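Next come two complexes built around chain A: one with chain B, the other with chain C.
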Partner chain A sequence: MKTHWTIVKKESAQMLRSQRGLLWLMAFSGLLSAFSLLLVSNTELSLLDNAQVVYMMAGTILVAGALLAAILGADAYAGEKERGTLVPLLCAPVGVNVLLTGKALGLLSAWGVMFVTATPYLWAVGASGQNLGAALFYLVLFGTPVVLGFGYLAMALSARTGTVLASLLGTVTVLMLAASPLLIGPGLRGTIIGHAMDAINPFAGALNTFDSVIIDSEPFTAQAGRLLLVAVWLGLCLLAARRSAAHPNFR
Partner chain B sequence: MIRIENLHLNIEGKEILKGIELHLQSGNIYGLLGPNGAGKSTTIFVLLGLYLRSSGRISVLDHDPKDHALDIRRNIGVMPEEAGFYNWMSAPAYLGWYGCLYGQRQSDGDLRVLLQKVGLGSVSHRPIGTYSRGMKQRLALARALVPHPKLLILDEPTNGRREIHDLLLDFAARRKAGVLLCTHLLDDVDRLCNRIGIVDQGRTRLEGRLAELLVEQGGGQRYRLGLESAPDTANLPARISLLPSEGGWWRVELQPGTPGGPCALWSELWRRGWRILEIRSEASSLEELYFNITGPNSSHIHEEAL
Partner chain C sequence: MKIWGPFLSTIVVTALFASITAAAQTPLALELRPDEQNPSTPTMGDHLRFWSTITNTGATPIEGLVAWISLVEIDPGNEQPMDLEDWSAHKAISGVSLGPGQSLRTDWPMRLIKGGDYRVVVSVTGRGGRRVFTSPTIQFHVRQKPVLKTTRVLPVAAGVPLLIIGLMVLNKTRQRG
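Entry: the complex of A and B
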């Protein structure tokens, strides 16, 4: 267990102390600031219901988290390989699963920092604060497995391909495909195809849950199916990552 | 410490290693020689359990890497060919962190001593990103030494500094540890190794004790001497033979394993009236041996001198 924390320590420090990590945090804060400003100052958007605004903000945080997971996951093996630091890591007595878990926990700590950074924005845009608790709770419950799943998927591609670009492109493509049903409008989402996509898409599952609990105030029990969906997504991505990490492309 | 017999490795259907032999005992420094792409680094990765052999027998520190890779890695320090680091860290922070991967907590004092040994004591406070390539090479050696290994593997260390050589000799002798040195620098092998293996196209072409192989090869180190005047060639010390002179140079050949090395023989020659003004080394017999094995006219026969 000690080795896990040694790796997590490095991953977290790299995220928080490196130039890249600080840039990401600044970009994320800038995105949330711009979005918040738009929501409260734009004539049309300011007419939105408070719950609707919180829902949109939660969705934005989830997208940013998934994107961060894609970047960190792609860097986990391929980035180390490109910087020449993967071989020393593999030469050390660190088991395949220990390394993968350490990387995943590092990613979770970055997601945690994002979550903490996003909380004041959620509070600020949801002026009455009545939906804040639900938004935060479901962002943790559904957002975390979705984000971690994208991280594992990126790690799987990263370990297999050995190039940051290929793994990042692969993961972002999956992320865009997962997010696209939400962008194509309610018309298609109401069809059988739309329902089928919602049923297998973890990203849609998380967003539909936000919709359900934040806007429609539905109970937790109504979310069981979607919770199972994101859990399955996480499990499948973890399996793929473990499989690839067992034989990483390190040369 | 390492025993590899008839090692074969296939990767994605391609036969990469086609019969590697390697025998390293404690206290020895083993030079693994071969051209680029010969299979030296791949052999190291098989030793560490990062590639699983297709056939053959391997024992590293009395373990099979297939089943006990982590136990093996716990006792091996590796300096890989590419010296990559986390550039935002300082050297002591990095080495401390790397030691933790081996379950060892290094004191600041230990790290300071180690960094001084590799010549980085004065720059240890700087981020690693500011280090030159040579400094990173030395830091890579320090990283390999951090876990106090029983076996040290160095893959293509290009920094042939004297203090690094002394460090390796001291490491092998004092700790009764083994050193596996993969290199193309024949001078380093000549100076440091007592056993060698020459690998070419994934196959061991020659393995054995360096001194014995050089004797079999029929020659030692050759030198050209610039002399003040013609010497007395009738009374030569043992272990030195005279070769035909060339362009005003007196050419001599020193038998391998001379006690005290060439310096002792130069002193002896001086006492016998050879007024030596200049000494130049010719191609060593190790070089000849190496190019005989790996060159286009090589015999490609595996020999072993035990």
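Entry: the complex of A and C
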């Protein structure tokens, strides 16, 4: 248990105590600030419905969270290897699962910091509209498994390939494909192919849930299928990470 | 022949008049009414609902009926048809068949996205005929509502990055110390 916490503390410190983590947070808040300022300064965008704005911002937060998970996940094993700390870590009396859980909890705490940073922005643009509470709740409920899934996927690739660049490239490619619904509107995804892609894409599942609960005020029961989709995504990525982490590439 | 002449011309005129009347008679009656629950002074973000009733007043069934709702902005200098993408998820019904005398009542909900003056109309056509029938229009005004408040957005947009910069400075100072 103590080993767990040591790893979690070390990984969590990356976000708030290291300049690198704070720089990421600065870039993230800068992005949300620019988005908010664009909304209030543009006469047409300023007339957008609050719920629509909150939905757009929730999608932006999710993609930024997944990107951070990809970066931290890619660094998890390959970064240790490149810094020459992987072999000593593997020789230490730390179980494979303990190491993986510690890294995942560190990633979760980074996502938590991002969520806390994003909350004032969501409040600023959505407080006078509908479903702000639901937006925050579903961002946690659906965003966490999606973000953690991308973290596990990056960890799996990181442990298997042993290079940060290869694992980052692989995860970001998957993320770009998965996040395409942010650019392709619901109208274009209204075809059979679009529905089929949405049915297997956890990112689209989370986005469609945000749309459903924030804009259309639909109940929790309508989200059960999508919740299952993101849970399956998390489960599959966890399995892949566990398999790769059991035999990391340290050569 | 003198007796038959006026008689024949009367028959021809009557037949012509009957055929013109039959051609002018529409096989569809179309009504459009606002819902009683609609707000009297709608504002951006409010929901409106309209009810259309399509009745087959002809003697033959109408197959493959398509009905759709259209919204037109009529603000001076900004007259344009609106894309209903954000306004309504229920923009058309299709494939319905209506027997003689049968009616179809449909509701058309919509969410008011933008302020201004608008006219709404429901159009109907069938698979067989070439005509498009339109309902009477309903006009309404949507009051504009400021959605994003600058007084709330600006402090957050400036304050959060400043807070993080403060953290970075504090972190750097600690590391040096």
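The criterion applied here is as follows: the second predicted complex is superposed on the first by the 242 of 251 C-alpha atoms of A that agree within 3 Å, B and C clash if a C-alpha of one lies under 4 Å from a C-alpha of the other, contacts with A are read in each partner's own complex, and residues count from 1 in each chain.
By our rule, contacts are C-beta pairs under 8 Å (C-beta built on N, C-alpha and C of every residue); 3 or more make two chains touch, one makes a residue touch a chain.
The shown structure was predicted, so the numbers you read here are calculated from the model rather than taken from an experiment.
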First, second, both or neither for A:92, with chain B first and chain C second: first
Which superposed partner A:6 touches (first chain B, second chain C, both, neither): first
Touched partner set for A:53, first chain B, second chain C, both or neither: second
Chain B versus chain C as contact partner of A:26, first or second or both or neither: second
Partner chain in contact with A:40 - chain B first, chain C second, else both or neither: second
Partner chain in contact with A:17 - chain B first, chain C second, else both or neither: both
Partner chain in contact with A:83 - chain B first, chain C second, else both or neither: first
Chain C versus chain B, contacts on chain A by residue: C
Set intersection of chain A contacts, chain C complex versus chain B complex: 17-18
Residue ranges of chain C in contact with chain A within the complex: 44-45, 85-86, 89, 111, 113-115, 144, 146-150, 152-161, 164-165, 167-168, 171-172
In the complex, chain A residues that touch chain C: 16-19, 22-23, 25-26, 29-30, 32-33, 36-37, 39-40, 46-50, 52-53, 117, 120-121, 123-125, 127-129, 185, 187, 216
Chain B residues touching chain A - in the complex, by the definition given at the top: 41, 45, 48, 50, 70-71, 73-74, 76, 78, 80, 82-86, 88, 97-98, 100-103, 140, 143
Contact set on chain A toward chain B in their complex: 2-3, 6-7, 9-10, 14, 17-18, 80, 83-95, 250-251
